[in-house]
Amino acid sequence: MKKNKSKIILGVTESDAHVVANHLIAYQLRTNGYEVVNLGPCTSVAEFAEAYCWNPDASALVIGSLNGHALGDLKELLQYKEEGKIRCPVILGGNLSVGADKNRKDLEKFFEIGVDVVLDSINELLPALEHLNQNERLVV
Amino acid sequence: MRMIQLERQALIEQSSIQLPSLEETVNLFKARTKPTVAQLLSTAKADKKMLYQPRCGVGDHKEMVDLLRTLEGLSRPDILSVTIDSYTRLLKLDQASEALRTDPRKLNGYPLINHGYEKARELEMSIDAPLEIRHGSPDARLLFEVAIAGGITSFEGGGICYNLPYCKDVPLRHSLRAWSYVDRVCGKLAQHGVIIDRELFGTLSAVLMPPAISLAFTLLEGMLATNDGVRCLSISYPQGGNVVQDVAALRSILELASKYLPEGTAVYPVLHEFMGSFPKDVIEADALIFYGAMVGRLAGATKLITKSNQEAYGIPSVESNAGGIRTARMASAAMFDFVSIDESLVQEEQRWIIREVEEIIAPVLEYAQKTSLQEAIIWAFEHGYLDMPFSSSRYAKSEVLPVRDADGAIRYHSQGKLAFSRETQNRNRRLVSDSFEIKDLATRISQDIFFFSDGHYRARKAV
Amino acid sequence: MRMIQLERQALIEQSSIQLPSLEETVNLFKARTKPTVAQLLSTAKADKKMLYQPRCGVGDHKEMVDLLRTLEGLSRPDILSVTIDSYTRLLKLDQASEALRTDPRKLNGYPLINHGYEKARELEMSIDAPLEIRHGSPDARLLFEVAIAGGITSFEGGGICYNLPYCKDVPLRHSLRAWSYVDRVCGKLAQHGVIIDRELFGTLSAVLMPPAISLAFTLLEGMLATNDGVRCLSISYPQGGNVVQDVAALRSILELASKYLPEGTAVYPVLHEFMGSFPKDVIEADALIFYGAMVGRLAGATKLITKSNQEAYGIPSVESNAGGIRTARMASAAMFDFVSIDESLVQEEQRWIIREVEEIIAPVLEYAQKTSLQEAIIWAFEHGYLDMPFSSSRYAKSEVLPVRDADGAIRYHSQGKLAFSRETQNRNRRLVSDSFEIKDLATRISQDIFFFSDGHYRARKAV
Amino acid sequence: MKKNKSKIILGVTESDAHVVANHLIAYQLRTNGYEVVNLGPCTSVAEFAEAYCWNPDASALVIGSLNGHALGDLKELLQYKEEGKIRCPVILGGNLSVGADKNRKDLEKFFEIGVDVVLDSINELLPALEHLNQNERLVV
């Protein structure tokens, strides 16, 4: 299977130090045959772009965010995509806004700033990576 | 001691921030009529009572005042928190200011430096309970200056505990130095009779934290802090989930302190209610909150940091936060006197915890004789003699991999380079390989992480 | 068996109430798809789970539907209650109807007879949980008829327990006969495969109730009910406040049942959360609610009747009522497996409770051989061989005066004419005179009544 | 002291079976030298009036009510007073309305139907009885 050889760039948003889910995802992807470039916590969009520059064969950028600052931390993403500095699909997951009361509509904003897929749980990641070819915007 | 004055001057000049002189700050504290956190802790310990404190912080100042007042009105916490946002923690003051300007609700805490010390005074004066600043800054010098200028009497953090779980690449040397500054200012204030409570964040990365690692780190930080003149230490430990282990760990705090910290240091054991993956189910979440408080009570903790039943979802509503305090406080009711645990099991566990801690710090203390404790700590992390699981920072190896034993207590799948004796290793191996089926490691660890949130402790119990 | 049909006809004719035939009612139950209370109890007992049920009742029908639905939405009780107002209980149907017409909110419960059986069906069908009728009627024949015609599968009460605490001068002979009617209709339905759960209200006058009195009365009522054909009994006991005594009392229920009730009777121990003077403080009240649930769990009760944290103030808001269920349900969390009590103390207490019960009922059973159990009970109350504290009714002497011992367990200051053996008396005397200072009797008794509401259990513990 | 010889008629409202406070009050009054005619729970206004008829020297009628039905149960009181069938002051205490949310204003209604004094707690009863001579309407 070609899929199982593909390379993933992984990391957590810039202001965010939560790293447990990141470790679990890295472990899980590697166990499932992916090659993982893990940038870890506190990763700026610039760093993601730099990693992409070194790994242009990456099939996706998988970004986690838990502290609620995802939107602020990723606001430059669209610019980087438009400038062609990030050309692969961007998958975002975690706890994406501040507060306990989540609004599904807020997710729209992430599509506007250049995120392609938004996921809730780690368990949705492998299936979502499988779907990527279809290049569609997907909210699970 | 002049030294610290010079450092202080340089720091303040470099920043563009207006601050009163240290004398003015001392006078502010002297004029204070409401009790300080240190005073409350001391009375509580004498009366064998447990103090209750929530976390809380929002971006906007007026909303912060309202939040504190509402929490106080709804649930009468003994101490209140100002939790700082993650931009401020990393001194990204521009981003904090940008968020403040456009939409303060996007901030996950209160940007104290941006608001300034006068606002801090307003906060402290708007409520009966004294405040503590809770954050996660590797370099908290400015934040601390704003806090004390604001008349705030308690400040959390340390050079290890507020670096490794919170940043990717701030060198330990930098954070240890920055926190030594904070501690020396505390020492200076103490000379003027002003006691700032310094809480050490033993919670670290919070998830599956082996007690001995938490205790070893806070003990080393406590040694650094007291060397720098700190007189009042709150040492926190995160509830892991097994009542015997948690009680033993909390009780170990005073035992270690009396052995390793200078006489005359006031030390208070603090329990952080379960800091790992929280149950989504509201009743399970409330049960876990009560359970934590019960653990604190059984162990004789002086303070409890509460959680809310929205923990799994996000920063809680004020009602849910207040509800968490009330649910926890139920555990102080005299009717629960009947709840007890097997003291012989606790003692046995406590003996092993103390032993593990001493084995972990032994190489550090030895090396420190040749250099300084600070340098020895840096050296030990480089070599993995000090280490912790799930470090966000590159400056810890994270070779330690924790798992739960059959009773849910936290043990080591791999101990990395922690210098454990053969006996310690044997006991751990026995406990870890014990009883229940081990699937593949990833499944086991994620089950252990989601212990309370996915009902695994139920399944475990059934074995 | 024809007898009961004739009685039924007469009853219905005398009242001006429209009711379907017993056949129609049986068919209604046969067509039922949702589980009956009896089915839930049986599953729960097998699974060692505890069911949670609140009290609730308002005057207006639509508001009652809303109340049930809201409670179900907020807290998913396993069984729901329709608590009946005090006018209906005493068959003052005109007064109930007057209140319904002018201001239904003045009613302290749901006037089921006035609303009629079709409305009862609506109630039962508006929610997932099955309903129980809770009231306090010395003569509940009509209420019962309306309830079963409404498809309701559980009905509380009995000839002793729903007379003495609830009325001043209804003769026991009258209430026992009226309840025998109810039980015989249950027997008749059982012959058609329809099992109505009959809960016996062991709570009685609720305040400082000595366990043996509660258990003796419900045991006698259980014997009467099973004689009349009842197959499913929930036997309730009111939490007194001392965990060892309460657990022992609850465990005694099945022991007594297996000895004195016919084989094949399904018997379920039910705990009524503390039924005395409740704390006004919301945290103490919540703590007491949790404590009660913990007692139920430790004892293995099949069902718990919950309280709200507004108990001391009045009929609770729906939120507070739902909160009570959630607070209680926390106690079912697996994390509290670690809570245990000294089983040898429980066994010792249980032995004494059983012994007291047997000593209380001995003269009754002996006299019954000459007449009937019903007549023997009436005779025993006349002579004070059966007696209880704080009877509202003249038909019990109320010569029993309870007090708490040093541990808060309920004992006898005076035993009246209860036929206790010398050993029982000696033990009681020892426990009562034990340890703590006795002020004048009035002060002692009121302290014992306000045990949880005035902080006396705290003071007591400090001795 | 003359007060300590006076006679009190005691009871609980008609639809109400709560009797614990009633027992305590009777005990307390007797300990303090009062003569108590205790009619117990479930006592109608007619029964109170009858007891007054037999005990015209009673210095007060002390009525308890807990089940929330006080207003309904006592609605005939004014009539009995106006007809001269009850001539001594009437003291009412307990839990006087249905629901946990009590409104101080609701107490006015009791004065309108002929109650003279409304009390919250048992502890207020002895002092209130001392004050009775002054024949004033008192809410403590």
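Letters are used for the chains, namely A, B, C and D, taken in the order the chains are written, and counting of residues starts over at 1 for each.
Note that in this section contacts are C-beta pairs under 8 Å (C-beta built on N, C-alpha and C of every residue); 3 or more make two chains touch, one makes a residue touch a chain.
Only a predicted model underlies this, so the values are computations on that prediction, with no experimental measurement involved.
Each chain's centre was taken as the mean of its CA atoms, and the one lying most distant from chain D is A. Here the CA centre of chain A is 74 Å from the CA centre of chain D. One simple way to say how far apart two chains are is to compare their mean CA positions; for chain A and chain C this gives 58 Å. With centres set at the average Cα position, the gap from chain B to chain C is 48 Å. Inter-chain spacing, taken between the CA centroids of chain A and chain B, is 30 Å. Multi-chain contact residues of chain B, defined as those touching 2 or more other chains: none present. Contact between chains, using the touch rule, shows up for A-B, B-C, C-D. Within the complex, the chain D residues that touch chain C are 15-20, 23-24, 27-28, 31, 40-43, 67-69, 71-72, 95, 97-102. Of all residues in chain B, only 241, 243-244, 282-284, 286-288, 290-291, 326-327, 329-331, 333-339, 341, 452, 457-458, 461 touch chain C in the complex they form. Taken in their complex, chain B has these residues touching chain A: 86-87, 90, 92, 95, 99, 105-108, 136, 165-169, 205, 207, 308, 310, 313-317, 320, 390-392, 394, 440, 442, 445-446, 449.
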